[in-house]
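Take a look at the structure set out below.
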Amino acid sequence: MRLTAGMCPALTQDVIEKLKECNIKNILDFMKTDPEALAMKASISYRDLCSIRRVIIAHSAAFVVRGEDLLKEAITATKVIPTGTAELDRVLGGGVLTGEVVELCGGWGVGKSSLCVTLATHAALHLGLSVLYIDPLNSISALRFTPVIEKLSEDAGTVEEALSRIKVESPADVWGLLKALDLVKQPYLSFGRFNTGGCNRFNSNNPSGKIKLVILDSLASILTPLFIGSTKQELGMINQLAAALKSLACEQEVAILVVNNVVQADYGKRRKRNDMYDEWKPALGRFWESVPHTRLFIQRLPNSIRQHTKELPTSHAQNMQDSMTINISVWKSTRLKQTVSMKAQNPEVNISLF
Amino acid sequence: MSFRRLSTLPLDGDMKDKISRTSLKTIQDVVTLSPLEIMSVLRLSADQCKGLLDKVFSLCVPHHTTAYELNLEEEKKILALGNIKLDTMLHGGLHAGSITELVGPSGVGKTQWCLNIAVMAVLNKCKDASCGSAIYIDTEAAFRPERVVEIVCNKYPHLGSNVSKYISRIYVYQPKSVDSLSELLNSIQVIAVEKDSRVLIVDSIASLARKEIMAGSADSNLTRTNQLASWAAKLKSVAEQLNICVVVTNQVTTRATQEKFLITKEIKEMGEDMEEVHGIRDKVFFRQVTPALGNTWTHCVNTRLILQYVESSLRQLVIAKSPVAPFTAFSYTINKSGICVEENDSFYSYSGTDPGLHNIKVQTGILL
Amino acid sequence: MNTNRPLDELGFPAVVISRLLESDFVSTDDVQNLQPAELGSATGLSLKESAEVVRLVSATSISEPQDVLQIIEDESDIPHIVTFCEAIDTLLGGGIPLRAITEISGTPGIGKTQMCLQVCVSVQVPVSVGGVGGQALFIDTEGSFTSSRIKDMASHAVHHVQSISTDNPDAATFTVESILKGIHYFRCHNYIEVLAVIRHLPTLLQSHPNIRLVVIDSVAFHFRHDFSDNVARTGLLCQMTHSLIQLAGSHNLAVIVTNQMTTKIENSGSSQLVAALGETWGHCPTLRLSLHWQHHIRVATLIKAPHIRTSSVNFQVTVAGIRDISSGSVTQNMAEAQNSKKRKWTSDDS
């Protein structure tokens, strides 16, 4: 930070000029230099320098907060966003928390995006929340939403209003992603033609339309194009993104759901866990591994691809009604009790989509 | 294009200045770097970096054409195989710019087909009325000039003393080792241009690779696959860049034990099928004889023609993979005038089998 | 809208960012209204770099995001490309969807290229007959494109269209020549050329706005051979797919890529044929269609799709292109396939 005149009475323009002559341009330089030596060199009184130091320290130091206050704040500020699926809520201890970064990982075609779409629809329709769906793979399309909407029993107007509350951004690169995340900080978002209506049952508890749930599907598709050779820049990027996501979750009190790929774990280094998933590990490397608060792993249950070779499918409408069963297990969590006791198997649940 | 030096590109001076201070030399150096890396090396913002990449890439865009123009071009350069029905099935014969593979057990007539193709190439005029030459790479020392003379004399008796003029346009090379073949293929483009060739025949691609690099360990398998891939890439580029036909022959192999379980089921059915047709059921049918050199190689060839035995004198040509033809079989015999396709004994089907797993019938009695 | 953003989110190189932060320029508000020269003297950045900072800072503004309702309304009338094979159309929920990437994988000779060529023809069926009426772009890496094969398929398609709509003026302009002229072709000899063509697409789409289909046959070829390093390969592949996805969305394109098969060794030592290019690539296509042999029948299995259940159907490759197996019942087809060995050939098809 720069040294500016007026920060404290002793720091006048004159003093700043003198400091500049001694090659001291910002606060950091100032704090690093010994005041006695500086007083001699810049011919500023030692007392002035000390008072400037005191003011700067008071300005920049972090406040001391008691744990009890933190807990109280957490209890009042944190909201639980149920997922709409009773089994999944049970595993997650009620749902996704605001201020939390949850990662969903799984192989291709297991239903990660379908789960995200179901979650977003539930949050918008039944909880009346605004959702930001960051969608670099353009997976939000009429194709994907139609089966979900067809299942809903609400009347068309309500559904349309809810859908208009799911905002979609398709950033082209990581810079676009950071820009899209900025939307969360906006205190007000409009809802197209439902903006003027203003009198529906949800607007009372969420009048501004501030975003409460962010879904990022998928993170790996944004980051992998950057990972070609060097490791230093990659780490920097992951670091920056992780910091951005976490501080966003905390400061803006939103829940963030990140979708990640899995990669095959090296043979020798496979973790000794449940047999079922020890051959996979989340993509994006070790550094990212520690970032999310909760990590869920999705698998499609066997036998869910039906063979139609004996009889040709008569109508695909019938196919669409079939639900897909997936298995979700918790790999890591900072708050779910089950993972603390290492003896018990990681909690897992089977749910149906569509 | 990818090896073009960055300093020769029409970039603005400031950018060139920055690039010259780095170790980046060619287009390839730039595109294989991560965008983050480029940003930090050249001190560019994400936007500028995108602009630079767009510019560099726009210089690498290959020639744009349409199917219509391709079709006009393609019709000019087709090498007929000399049999009307076979040529109809293959849309005129062997297509310039593609790799055709002949695969079959020993003695089934792979070399005879090659000789035949070579003769067709030097004798038949193509549509633009020029007469080309043939390059014949013979790795098995199986090329018999007297056989070529015999074929030409019997097939085209009217040529008389002109025969030697035509035959002199078949250029034969006989590399003896993997290295000498690689070397030959490196210079083949120059040779093909000098001799104005229409066809490049390699008989056979498998023998050297199989002879010198013993299969077995995973390591040597990898070496062989890589060697073949590099040959395939060279042949492909010759075929395309000079727009000539490339014909290679391949041997057969018995399938490895690992996949036996999967395949045995299929063979049984095929075995029964054969029985139905020919009334013989032999142990040979239960053994899976398939084209050698594996899956990656199969992806490289455009057309795969399988040669197999039906009876001791009657042999069959099967179009197992082709961009134009359905699964088709023709019977043929070998006589004085070369290959003779039996006009009336053929069938085709839209089903077929995986060309990599096709079970090849070998001569009974001479087991592999 | 509040547009104050941290400067390090704008995409400057690390050197520039650290200079800015050192001189206490943290967010866009700090730089707003500064001239490049002023910024340069305050931070020690070169004039060019300062100009770039000022440019990007003033360009940052947040636009209203789209919402799902708008997307669904926009896309409600987007047609699918029918393939001429009803079973496959049904399998895909109406045909090959626009605005999505469809991957076709399979062993050599199964008909991947045939499928691509067929779609190149079908995409040109006029709108009035229920088609898309667009053009196609074919990016060929293996050299398997054969225009004479296209000609076959085109003449059958033309025949079909003219037989179902005799008095339609559109049908009259739908000829073999128009089809051949509507297929743009690039032959790529290395992966750089593939990447280059895709970067070049926006320009090409400007001069040929009617292109509705982009085919890459095959995406695997160069990417399997030219790389020793898997990380770099995946990175470039993802870069490529990412731009394809963006283009598919913004220009209303269907994208088809073909992929080869590779042998995957399982833990237990058993091996299995799977699509090449690895796990990360598997996330990129919206739909994945796997073609394989079952005895003598070609089978298409949908293994990933956002909107319908995955299942399998049978199809065949005929002179006319990709078609249903006519009888519909598989048992009969099995018999037919076996009988075909005896069937003599008739020249009426060619």
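A, B and C label the chains in the order they appear, each numbered from 1.
By definition in this document, contacts are C-beta pairs under 8 Å (C-beta built on N, C-alpha and C of every residue); 3 or more make two chains touch, one makes a residue touch a chain.
Fair warning: this is a prediction, and the values are worked out from it, not measured in the lab.
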Farthest chain relative to chain B (centres taken as mean CA coordinates): A
Closest chain to the centre of mass proxy, which here is the mean CA position: C
A-C against A-B, pair bridged by the larger set of C-beta contacts: A-C
Distance between chain centroids, defined by C-alpha means - chain A, chain C (Å): 30
Centre distance in Å when chain A and chain B are each reduced to the mean of their C-alpha atoms: 52
Sites on chain B at which at least two other chains make contact: 32, 34, 39-40, 46
Junction residues of chain C - those touching two or more other chains: 10-11, 14, 232, 235-236, 297
Chain A residues counted as touching two or more neighbouring chains: 175, 225-229, 233, 236
Residues on chain B engaged by chain A in the complex (per definition of touch): 32-37, 39-40, 46
Chain A residues touching chain C - in the complex, by the definition given at the top: 1-2, 25-26, 107-109, 113-114, 120, 132-133, 136-147, 149, 160, 163-170, 172, 174-175, 178-180, 182-183, 185-187, 189-192, 218, 220-222, 224-229, 233, 236, 240, 244, 261-264, 279, 283, 304-313, 316, 319-320, 322, 324
Residue numbers on chain C that touch chain B, as the complex places them: 10-16, 48-49, 52-53, 56, 107-110, 113-114, 120, 138, 142-152, 177, 179-190, 192-193, 195-197, 199-200, 203-204, 221, 224-225, 232, 235-236, 260-263, 270-271, 293, 295-298, 316-319, 333, 337-338, 340-345, 347, 350
Chain B residues within the chain C interface of the complex: 1-2, 14, 27-28, 31-32, 34, 39-40, 42-48, 53-54, 57-68, 70-71, 74-75, 85, 88-89, 91-92, 95, 97-98, 229, 233, 236-237, 239-240, 258-259, 266, 269, 273, 276-277, 295-296, 298-300, 302, 304, 320-321, 323-324, 326, 328-329, 344, 346-356
Chain B-touching residues of chain A, taken from the complex the two chains share: 173, 175, 225-230, 233-234, 236-237
